[in-house]
Each structure stands twice: as structure tokens, then as C-alpha cells.
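Labels for the chains are A, B, C and D, by order of writing; each one numbers its residues from 1.
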């Protein structure tokens, strides 16, 4: 519960002239993985937005340990790290599927914004879904 | 009138592992250049959208002749090619600023969609702005 | 043979403020789908590049019929359309998985470039893999 | 010295369906701004790469305070924050040009990698260029 794994394959367009995946791609993968985690918690993020709530990113952080390469299959392991009154934090690890090596890790912090664009306390309908998960040892 | 030039510098993130700008980047540059052309015609596209009209892309085409490289300055030369009842066509040339070489050319076709998401005839407030320009000899 | 289907899920980062997938994303999906088609033909594109050949995009075209939306699952149906002495053409259809509706179609034309950056005839090791497929009726 | 400002205009492709610039775009802007800072320090990053050194991103961080919107002109203010034996740190602020409001800030940490892909001490030819700058009060 509160942990999810998404497999993605590195796209050619995601590489840069260093011959590895560009560092901004990781934030896009984090987002795709977060979408899956939320879905597995019982409700799609698309549905949350349709219901009038946006989870805006207020902070993003990533450490890059080893490069990811074109056509490699990666696993984006995601968990809810913290649910506070005003913010939610997700934590991520990017692993190479072939050998399980951790290529990167990071986190994003989110605030809830209502239809009128105002920051609000995280509503119960969201915080009730997203139970923080302890990382595996 | 109806012709515009936008300079852009190729970003590192826009390159791929071939060491050149990725081909999808050209559509993004075309769009940025179209934004400037519309602004020079007297009204910003942001304002057109705020007024309730979207110009959706219904077709895009690009021919790639020479690669664009990281940090090169390019000129995106854009013109209104055709204004019809239901569609607008913009034409583009991508030139290397240093030597004027044409690296790519293309076009995009757009339809007008109203606030309700329905395709409509190009409204006079838009077609009146965008006068087709003959390409220079 | 010579036909492949890749499923992708529309990422949030791929949307724009119209609320639909940005039109440049389709070229990125075409590329990911082409990668899978080539793999299914018996050799990975990564391996082709490692062997010293690049298949550069010399032309791209897309017609957009219906918008693709965040979190929708799409099927990118790809086939080898033509193998000529100097160029390869791939054709694509983008379908919404839920109801099979065709959202877009397009094609890309590729030339073979050797390690020295020179355009060459399509080498037999590539043309032998990629047998043109007739579209289904 | 050691401080630079780059103006960029938010592209349509950089927005997402929230109607604001996607959070991954900021890392791309940081990179473009870093390119300009390095150039102003006396040598282009393209030239550094041609000379056999890569400055790979080992960490990236961004705090998002206010959204950036389509067609807004932003100023990316960049400075060298720290030069250590093994890492370089750049700091960034993203300001809305119109009113000077700070929309975001962040930093990236870089390591030097040689032609063989090995991490190395920051070479003198790079550390000599990039003198840390104190932020303005």
C-alpha cells in the first residue's frame, strides 16, 4: 500500500547529446509513476482534477547516480512519503530493470489548489487515499 | 506583413544522442515562431485564446535537410500561407543564422475551435489579422 | 510482419493548456513505436546504431483528427510502408484503446547515415529486416 | 562576474493542462541559462564538450512559488554558487520580467566527466572560468 512500480522504456527523444537520458526526463517519469501510484490507491488523478482539485508541484529534487540509456527499461518505484496539512510528498527511485541498479532518486512536494486557484489544506478525499509508506529495508 | 522571423538558440535538452536537435523540436520552434507572427499581425495568440478561440493543429509537416546543433542560433522564418473558410496554413523555414543555410522547412494547418470545442469557420477577427504573404523570390 | 502496435499512456507533461496532448508528442510516440517495430523485425535500433548506422528523419507528417487526453491509453500502430534505395518510410496510426477511434495518422521518411555522417544507400542489413507491410483493409 | 540573466518566453509546448508551465520546463530553462553564464565567463559549453569534458548533472532542485504562464517573458538569473574539487553548483532564480516577481528558484550540482566517462576533479580550465558569485542583497 502506498508503493507502486511503473516500468518505462527510455525514448530516443529523451536522450541528449551526451548519449544518455536528459536529466529533466526524470521529473516526467516521476509524474507518470505518481499517476500510477494514485490510481493504485483507488482513484485516478484525472478524476481528482475533474473533481476540482489540482495537486501542484511546489518542490522537486533529484539525485542522478548513474545514467539511463536509450531503450533501457527502467522501474520507477514510488511511494507516499508524507501527508501533512498543506503538503504531500512523494519519493521515487529509478532502477535499471536489467540489474536492479538504482540510477536516481528524488522527491516531489505538492500542494492542493482548488478550482479558484487558491492553495488549500489537503482535502480528506485525497489524504484519505494516500497513506505514507515506509521504504523497504 | 504576414512574415516574421524569430531567433532561437538550440537548447541542450533539444538534442538527442545523434548529437543534433531532435526532429520533434522543430514543431515546438514552429509554434513559438507562429506566436510571434500572430503578435506582429496585431494581436497575441494568448489574447485570442482568452477571447474564446483556439487554433488547433490539424496537420503538421516538416522536411529536415541539414541538422541543427546545440547552441547554434537559428532563424525561424514564418508566413501565413493560406486563409480558407475552415483552415489557416502557416509555412516555415529554419535557417542557420551564421550562414543562412536552410536546415528545414514545413507547414502547419490549423482549424478554429470555439469555447465549446466545436470546429467553426475561421472567425473574421482572426482571418482579418492574418493576411497571406507571398514567399520572397 | 512489418506491423507493430505499441501502447502508451498520455503523460501529464505531454498535455498543453488546451487540455489535450501537444501535437509534437505524436512524433515522439511515432519514434517509440518505430523502435518497437524494428525490434520485432529482429534487431534493436540501439544495436543498429551501435553497428555504425543512423536512420535520420528526413521528413515527418501528421494529421490530427481527434485530441488525445491525459491518462488515456493509446495504441500506436506502425508499419513499414516503403523501402527504397535511399529512404525508408514508416506509417503510423494513433488509436484510442478504449474505443478504437483513430485520433491521428502520419508517416516519417528516413535516410541511412554512416559513421562519418554521410548519407548512404539503405544497407542490406537494414532493408533485409524491414519488409513493407500492406495496411489492413 | 559569475552572474548572468537570460530572458526566455514561455512556449505553448511548455504548458500543461493546468494552464501553466510544466515543472520540468524549469530544468530546461536552468540549463539554457547556465549555457549563457558559462559563455559570459569566457568559453562556450559547446567548446568545453568539444575539448573532452562533460559537466554532468548529479543533482537538481527547484522550488516553485508562482506559476509561469504561456507567452510570459521570464528572466533566469544564474550564478556560480560553489566550485569544489569534485563538483560545481549553479543557483537560479526565475523572475517574471513584467513585475520582477520571483516565480521559482533552484540549483544544480555538476561533476566533470572525461572523454572516457570517468568522474574527475573539476579541471582548472573550467574552475578557473567559473568564479562563485555572492547573491545580491
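In this text, contacts are C-beta pairs under 8 Å (C-beta built on N, C-alpha and C of every residue); 3 or more make two chains touch, one makes a residue touch a chain.
Keep in mind that what you see is a predicted model, and the values were worked out from it rather than measured.
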Any chain that touches chain D and chain C: A, B
Most remote chain, CA-based centroid, reference being chain A: B
Where chain B and chain C are represented by their mean Cα positions, the distance between them in whole Å: 23
Intercentroid distance (Cα basis), chain D paired with chain B, Å: 27
Residues of chain B whose C-beta touches two or more other chains: 12-13, 17-18, 24, 27-28, 31, 70
Category of the chain touch graph - line, ring, star, complete, other: complete
Residue numbers on chain C that touch chain A, as the complex places them: 9, 11-13, 27-28, 31-32, 35, 44-46, 70-71
Contact set on chain B toward chain A in their complex: 12-13, 15-20, 22, 24, 70
Residue numbers on chain D that touch chain A, as the complex places them: 17-18, 23-25, 27-28, 31, 49, 54, 56-65, 67
